[in-house]
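Paired with subunit B in one complex and with subunit C in the other, subunit A is shared by the two complexes that follow.
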Partner chain A sequence: MLTLLGRRLIGALLALLLASLIVFVVLEVLPGDAAQLMLGINADPAALAALRAELGLDRPAPARFLLWLAELLQGELGRSHTNARPVAALIGERLGVTVPLALFAFLLSTNLAVPLGFLAALRRDRAGDVVVMALSQLGLAVPEFWLGLLLILLFAVSLGWLPAGGFPGWQGGVGGALAALLLPAVTLGLNQAAILARVARRAAITALAADHVRTARAKGLSEPRVILGHVLRNTLATLLALMGLQLAFLLAGVIVVENLFYLPGLGRLLLQAVTQRDVVVVRDLVLLFVFVAIALNFLVDVLVAVIDPRPRATA
Partner chain B sequence: MRVVTWIVAALLLATGASAKDMLTLGVTLEPDHLDPTAGAAAAIDEIVYANVFEGLTRFDETGAVKPQLATSWTISGDGLTYTFALKPGVKFHDGAALTSADVKFSFDRARAPDSVNAQKGLFAAIDKVEAVDPQTARVTLARSEGALLFNLAWGDAVIVSPASAAGNKTNPIGTGPFRFQRWVQGDRVQLVRADARAKLAAATFKFIPDPAAQVAALLAGDIDVLPNAAAPEALQQLSVDRRFEVAVGTTEGETILAINNARKPFDDVRVRQALSYAVDRKAIIDGAMYGYGTPIGTHFAPHHPAYVDLTGLYPYDPAKARALLQAAGLAQGFKATLKLPPPSYARRGGEIIAAQLKQIGVSVEIVPVEWAQWLSQVFRDSDFDLTIVSHTEPMDIEIYGREKYYFNYRSDPVRAALRALDRTPGEAERFGLYRQVERLIAEDAANVFLFQLAKTGVWRRGLVGMWRSSPVQANDLTGVYWLE
Partner chain C sequence: MTTHRAPLNLLLGGGLVVLLLASAALSLVWTPYAYDAIDIAARLDPPSARHWLGTDPFGRDVLSRILVGARMSIAVGFVAVGVGLLAGVALGGLAAARRGWVDELVMGSSDVVFAFPAILSALLITVTLGPGVVNAVLAIGIFNIPVFARVTRRAALGIWAMDYARAAAALGQGGLAVTWRHVLPNVAPLLIVQASVQFAIAILAEAALSYLGLGAQPPIPSWGRMLYDAQTLLALQPTLALFPGLAIMLAVLGLNLLGDGLADRLDPRLRAVRLV
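Moving on, here comes the complex of A and B:
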């Protein structure tokens, strides 16, 4: 178990280093000049040169890459090119929107998809299955921006129950903040649930056909005990792997939904930083996303190892 | 009973008393920072121009130059010395008094070698700035500059204080009727009343990038105003909705199909004229802008008194366009690329123009680009055949005289006329010279002049004083209030 952990840790560090190099190179190759973007089309060449020097863009690329790594090792995230605010503060503010939104959508999606997937598996090829699968097909096909817009038109414009977008902040009260996150979370959650429900159904069908389930039934175990004790446990490894991916996706800033609901989250920060060529913000953010993905992956591996004793026995 | 009283009080607060002196505006783009002297983004001026920051002069809604921090000025006989009398009793929002030393500081900072002012050219003629006494500032020019008072009205020429200038990007401190309160990045900027000139107690700018979401926010009552509605397709629906008022006005945005005049075959005037004949402006305005926009025949704003209507010079005439191509030896037509930046006027207009050019045998390959790419490839490196862009700077016809400019137009008569403009302060003579340049560039078909962008504002009925037209991309809220 410990050697497994150690190997994973070294792998994670290498992945981070590789990701930082890729991010840096991509941003170098991408056409666009942060100074010209800020100063616009009438900018004087001297003013552009002055701004480039101020941003440190006049230094050669390898020097800037090493400087960035050195700063990262000291826990420094640098300052935004465009407004000189510390990147750590920019990201910190946005986490207060993106993390609750991701968890909210994740809870909705999981609580909806897993029971429905199981229901469909148990009613395989019957009406319940067909309805669930049709709904999940629809959920996959409907684009987020359209679903979100329909929800806004219904719940914000026609009924006036919820705000059409924006985020009032947590200091204004938990109720208002949750109300602002409800429609975006539903928009995101339905999409994720559609995928998860299909996977849950498939995993449950496989588990239901297993010999030990037949044995359990033959022993006369009640159906709920068969499902919870034997089927669910055997599908958990598959479900956790997908759920880890989905949570990473949700935390990595969901650009479309944050834009539609004008939420100040990480996805919007990333989009704005890319369009402004604010490379300091982009590279730190992307690296953060890589880190989150690796950490979640690691967590899922540990959980699976706890649930499923087989890999432990061989390792 | 007590609970009921509380609820009633809360409802009154939420709907009545407070709503009538507060305003929430929805704007498309969030600025990178809030210092108009260190960035070209229109999103900065949309919030701070005339609200937070003020200059010696300013633009009013019609684009006319008016006194602001300078109450009056005298110009020496040779046109080289401007003496400004400052408005007495003006204070910055941090409490510092405005003096002529601030004027000197602001202009010297904008002109300095390490200046990052986006419009440094506005100050190019200035030789020195002096504080004669605390209430008098003198600007001496190295050469005559007929447009100095106009130049000083730009957001890039606002007066800042040495004590606060360095922090203006995130904590803007000016002399305007509204004081900056808070910027929740990604969400909103809040301004509050600084003095009695402001009729509103507070104004909030919310950043809503998605055009459909902007309209939904307005319909849901989350915002009161869309000063520039990004979804022209929704205006029809809003204009018949009694809760709202739709105002269609003008801007300084000349939208053009820019041509790389240095590239073959566009270096041939007959080819450029053929493009002009091949483009049906009305179809573009109707198709891409839902009818909002005024056709133009040259690079000048139609609402300006010096405008010449040259839209009849090249009427839509594909047969004539084909004949011109034939004369230029291109009877078989040719291939060209069309680079389109993100705004809908470019992306939608580009599709229509490509279809129209196909009619005369020009097959156009559309290349969508984002702004960063557009600026570096098209604008900086002139690496393009055709592009569509709106030039939103006021009175920017002088770009046709620049030594190196992205569309590579070169004309000695135009340059001579523009040089004469620099030396001419008298309005009638200036207008004459402008008209001359307008004609010259149209005859040369330097670019295909499409239409003037419209300003399409929507707001809740009962709101008074919003600008209907925007000579600068600004939302001056000083005179805005709610009718009871």
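Moving on, here comes the complex of A and C:
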């Protein structure tokens, strides 16, 4: 078990290293360099030279990569070119939107999809199953930004129940903030819920067919106890593993959803930085997204190993 | 999966995919109006007999633009799936044939690429090369590589464990020969199913990127971009936001159903890997 965790940890660290190398190389192969990119083609040569020195572009690429890594290890991020503020501060201000949004979406989709998937498994091939699976097919096919537009149209424009976008901040009260995050969270969570429901159904069907479930029923356990104690427990590892893999997509979905609803979060910051060609912000933010995805995946791996200690087939 | 639903999946999915291909093909020879024909007098018209799906703020015919937009979705899907299929099958086949450190390397790198969803790599590429449909295709295609590599590897490992593959190897056939003669033909059905699913995902990703302004640039019609343009006019002309989204949904639904239906038809045990 410990060796497995050790291997996973080393794997995660290697993945982080490789990911930072990819980000560095992609930004390195730009035509011109970062300074040229930020200041434009007609930039003043003196300003260009100054920015190059500030960004350390006068040093060779491998040295810059190592320097960047060393700074990252000390928790130091770069400084935005457009407003001269540290990227860490920009990120800090926006975490209060993105983290609650992602958690909200995750909670909504999990609480909707897992029970529905189980219901479909228990009603296999009957009406309930067919309806749940048809809904999941639709959920897979709906582009999230389109769903967001339709929700805005219905709940904001027509009914006026919820805001069409923007974020009032948490200091104005939890209710208003949550109301502003409700439509975005539904939008963000839908695709994930559709996949999760399918996987939950399949896992539950497999678990329901197991001998120990038959034994549990035969010895007269109530159906809820069979489901919670025997079926859910045996599907947990499968479901968690999937959720871990999906987290990276949930984070990427934040980019679309925050722009759709004008939420001042990390995703909107990233897209703005891309349009303003603020290379330092893009570099650090992309790496943050990737780091979080890899780190959460590692944690899920650990959790799965704890729940289901049987060594997993390397699939 | 139950067998009685399989034909329905296949029929509905196949029908929608044919509709998608036919729309794109039709747009090459005929559209109700030219997709970029501006008619200010008819701007923001609701659906009518003249303009079946209405017009946009420049008075351009929405139906014509949706038909032409199908070409973009199909082109992006084909290239992105093609890139992923070619590179992914090669890498996955190699990993299964060689095992050991080659396998570890391929699987380890694919884990890293998995942490870069298409939108993230597209943003990264865009900041260096500027927005454009080629970058979008590149980002989506790169992400498809580890998907196909994993699917191929897992299935290929199963074939390599079979007696006939082991016998061929024992008779002195090299890894490449066994992969070509025995592994690939057996993995092919799974790859077809997966390709159908990845095609659907590519269409969704292209639409999302175009919506963010990172895909096809105006005036080339793309469904995602049409939705972006519709957003500011949501209260004024809501049908503008309706039809392009419906087109995306039907295309994706068709490809997903086709994939499921093919999986049931070819081998009931087949199951596409799906994360998005």
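We adopt the following convention: the second predicted complex is superposed on the first by the 261 of 315 C-alpha atoms of A that agree within 3 Å, B and C clash if a C-alpha of one lies under 4 Å from a C-alpha of the other, contacts with A are read in each partner's own complex, and residues count from 1 in each chain.
In the analysis below, a residue touches a chain if its C-beta (ideal position, glycine included) is under 8 Å from a C-beta of that chain, and two chains touch if they have at least 3 such contacts.
This one's a predicted model, so the numbers in the text were calculated from it and none came from an experiment.
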| item | value |
| --- | --- |
| Which of subunit B and subunit C A:L153 touches, first, second, both or neither | both |
| Touched partner set for A:L119, first subunit B, second subunit C, both or neither | neither |
| Touched partner set for A:V26, first subunit B, second subunit C, both or neither | second |
| Subunit B versus subunit C as contact partner of A:F261, first or second or both or neither | first |
| Contacts of A:R277 with subunit B and subunit C, given as first, second, both or neither | both |
| Which of subunit B and subunit C A:N191 touches, first, second, both or neither | second |
| Which of subunit B and subunit C A:L37 touches, first, second, both or neither | both |
| First (subunit B), second (subunit C), both or neither touched by A:L269 | first |
| Footprint overlap on subunit A, comparing subunit B with subunit C | 30-31, 37, 145, 149, 152-153, 157, 259-260, 275, 277 |
| Interface residues, subunit C side, partner subunit A - complex | 2, 5, 107-109, 111-112, 114-120, 123-129, 150, 154, 200, 204, 207-208, 211-214, 224, 227, 230-231, 234-235, 238, 241, 244-245, 248-250, 252-253, 256-257, 271, 274-276 |
| Contact set on subunit B toward subunit A in their complex | 30, 32-33, 38-41, 113-121, 169-170, 184-188, 206-210, 212-213, 216-217, 219-222, 370-373, 375-377, 379-380, 393 |
| Touching residues on subunit A, where the partner in the complex is subunit B | 30-33, 36-44, 46-47, 50-51, 53-54, 82-85, 90, 93-94, 97, 145, 149, 152-153, 156-157, 160, 163-167, 169, 259-265, 268-269, 272, 275-278 |
| Subunit A residues touching subunit C - in the complex, by the definition given at the top | 11, 14-15, 18-19, 22-23, 26-27, 29-31, 37, 125, 130, 137-138, 140-146, 149-150, 152-153, 157, 191, 195, 198, 202, 242, 245-246, 248-249, 251-253, 255-256, 259-260, 270-271, 273-275, 277, 279, 282, 286, 289-290, 293-294, 297, 314-315 |
